[in-house]
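Per-chain residue numbering starts at 1, and chain names A, B and C are given in the order in which the chains are listed.
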């Protein structure tokens, strides 16, 4: 399903980015809030970056190794893009977008040798561990790759595999009750950072949201670990970049990677603490109940600089408002005279009568702030206010 | 395979090259009559063939038609006899799909797409022998094929690989050097304006060495550009002289 | 919080409401969205709050994000295709709507309206039933545009729930008035869950958008302080 973006949205988002503003009030190099929750089962975790959510589960089984590498175990990573996450994902065969994400995840985690595959060997040439990380996209609001890579790494660190003892010919895989399961041997934590470029590479943003992605020229993915090693870099999209832009991105990526690594480590530590103390842990505990969940906006601080178009200082504006307040409703109606600039096809006018509410005179709230009678509306008010509680109870 | 010295003490690589030397390049344009444009390139032992059809009507699903630019369709395949062991490859496997996507994006940035709205350009690339640097050979071959087809481009697109061995950046890595597991950097460039079209880093590379390796790859691209532009000039002047003879 | 709101006003799908309606009126009733006849009983088929009007019309007010076209509603659409004599406009429903060239003010066969793919149009639904694709017009019965037509590219459009659009458009809601007092703005609300607005600067537009989205669950009396908080001004409730 192709989503069409209107020219007005493109223009607005581009001009907002040009003046350094983003739709949710973030700075150009800011990530959305990263939240990691672990499940009760080992290796199960859900990561939220803003509204984008990915669920990861690590599992392992014993298999015969491949002929080419008989002394190494195997690591498989798979990201499923189900239509649950977004109507633009189609079921069935994976789209090229899905293939690209999967390849980037494979390259960043598997081909950078983050997990020590030699330690997964049980008997050379006969039995090795095959570790699978299955990722599922639950909700798509832009930047699925970063969310998935954080989920994969967090899940791998959380996972424990059963302990194995080899005595001569005999191989015993201990069950989870017998012996404590063992953590995987992980060398480093590769984290992907996505940069989105706009207007032919002139502006860049970190962690694009869905709307920003629909307008962007292309992305650059920089996957690094805290030891300042580049694990994978990929630049895609129909755009052209200069060498110094690449270097700048790598510098920014270092900072972001260390921040995110801190978040992962603290989440792991909290979970380990909870398990040790015998406190309840898992998804059920971390979900907040009795709250409106969709449509609830996180408190974002939107940096407001009062641009008063040179017609006065900030204090003056406030005084005017207070004056208006004092004079009550009458001031209201003369308020701001908004003019219609050009008649004809482009006029914005009064609009039509609202057929949903209690019918009154023209509710011409569709544009100018002209006169609006305020009816005695306690009853309607109650009903409206009541809707909020109605949602809660549902 | 372990223990192969990729860079000897005297500074020679396995095939006798110096770190900054490219492999020998031979190329030919206009190898097929049926296609609108075609080219064949040999970089050392890597051999790639590219054909271009278009711009023509959009075949396949009508939903893919773009109202303001041309649709670029790439197909990449490796012949079964191209690697050491004969292996039949299915079309739909992830690595070849990834390669197709990268080729498509590279040429979308280089071709003037707004000149042919509602049309399609097909680029087919076939690897006949793979000895490292598959992607760069494909890009170079496709560039020549597009020029042969007469489709307007912003500039040549030249691609090259670079690696890092024993604290030295090396350019144009072969299959043996690739499989040792060292870092590999692939760059596709528009040589005249120094703009990077496609950029990939595989395997771990420390940030401090990044600049040097990138510089080496960019220099490699420019050297390739020199070779390719000479070949194109010869081809065009030969054609022009034949045309004038009438 | 409203005091008189009780759980009794919330209905669930399958609730039989004949008695409740009889309590309120014994005249002929008209059933709106969410209610239907089922062999002599009035049954709710959506979950929400039961509402009524003076002319004995009843309906269920619920929280929904997907738009179902209804005749006579004004909506904001995105032009996606030019085909023959019509524009195909995406209105967020199951089918793209058709908007004929001639349905603009002053358009004739020779004089085509200047509409490009990707433009936003504010139009009214002329035909909207479940068996046919929806049809839009940008003029009223007498041939005047009356505020309908192409929206300027200078503004910004965002999506919200249908409930919020209805809330904003209702005369009891003071949100737009409060916003207008704070900064000059132009706003167009489409009944299909799309809102277009334009302010003097990018900053103001972003603040106004966030204020409108936050107003969905803010009760009436807190609207003013919420808007003031977002704009960083003095909260004078």
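Keep this in mind: a residue touches a chain if its C-beta (ideal position, glycine included) is under 8 Å from a C-beta of that chain, and two chains touch if they have at least 3 such contacts.
Values in this document were obtained by computation on a predicted structure and should not be read as measured data.
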Far-end chain from chain A, centres as C-alpha averages: B
Pair of chains joined by more contacts [C-beta pairs], A-C or A-B: A-C
Distance from the mean Cα position of chain C to that of chain B, given in whole angstrom: 53
For chain A paired with chain B, centre-to-centre distance based on mean C-alpha positions, whole Å: 35
Rounded Å distance, chain A centre to chain C centre (Cα mean): 29
Where chain B touches two or more other chains, by residue: none
List of chain A residues in touch with chain C within their complex: 4-13, 15-16, 19, 21, 23-25, 292, 295-297, 300, 302, 304-307, 309, 317-318, 321-322, 324-325, 332, 335-336, 338, 344-352, 354-360, 363, 365-369, 372-375, 377, 380-391, 393-394
Touching residues (chain side chain C, partner chain A) in the complex: 1-5, 7, 9-10, 47-49, 51, 53-54, 61, 63, 72-74, 78, 80, 90, 104-106, 113-114, 116, 118-120, 122, 124, 138, 145-157, 161, 163, 166-174, 176-177, 180-181, 184-189, 196, 200-207, 209-210, 213-214, 216-217, 219-221, 230-234, 236
Chain A contact footprint on chain B (complex, rising order): 63, 94-95, 97-98, 100-102, 105, 108-109, 113, 183, 190, 193-208, 210-211, 214, 218
Chain B partner contacts - residues on chain A that touch it in the complex: 2, 96, 99-100, 102-103, 106-107, 111-113, 218, 220, 224, 227-243, 246-247, 250, 254
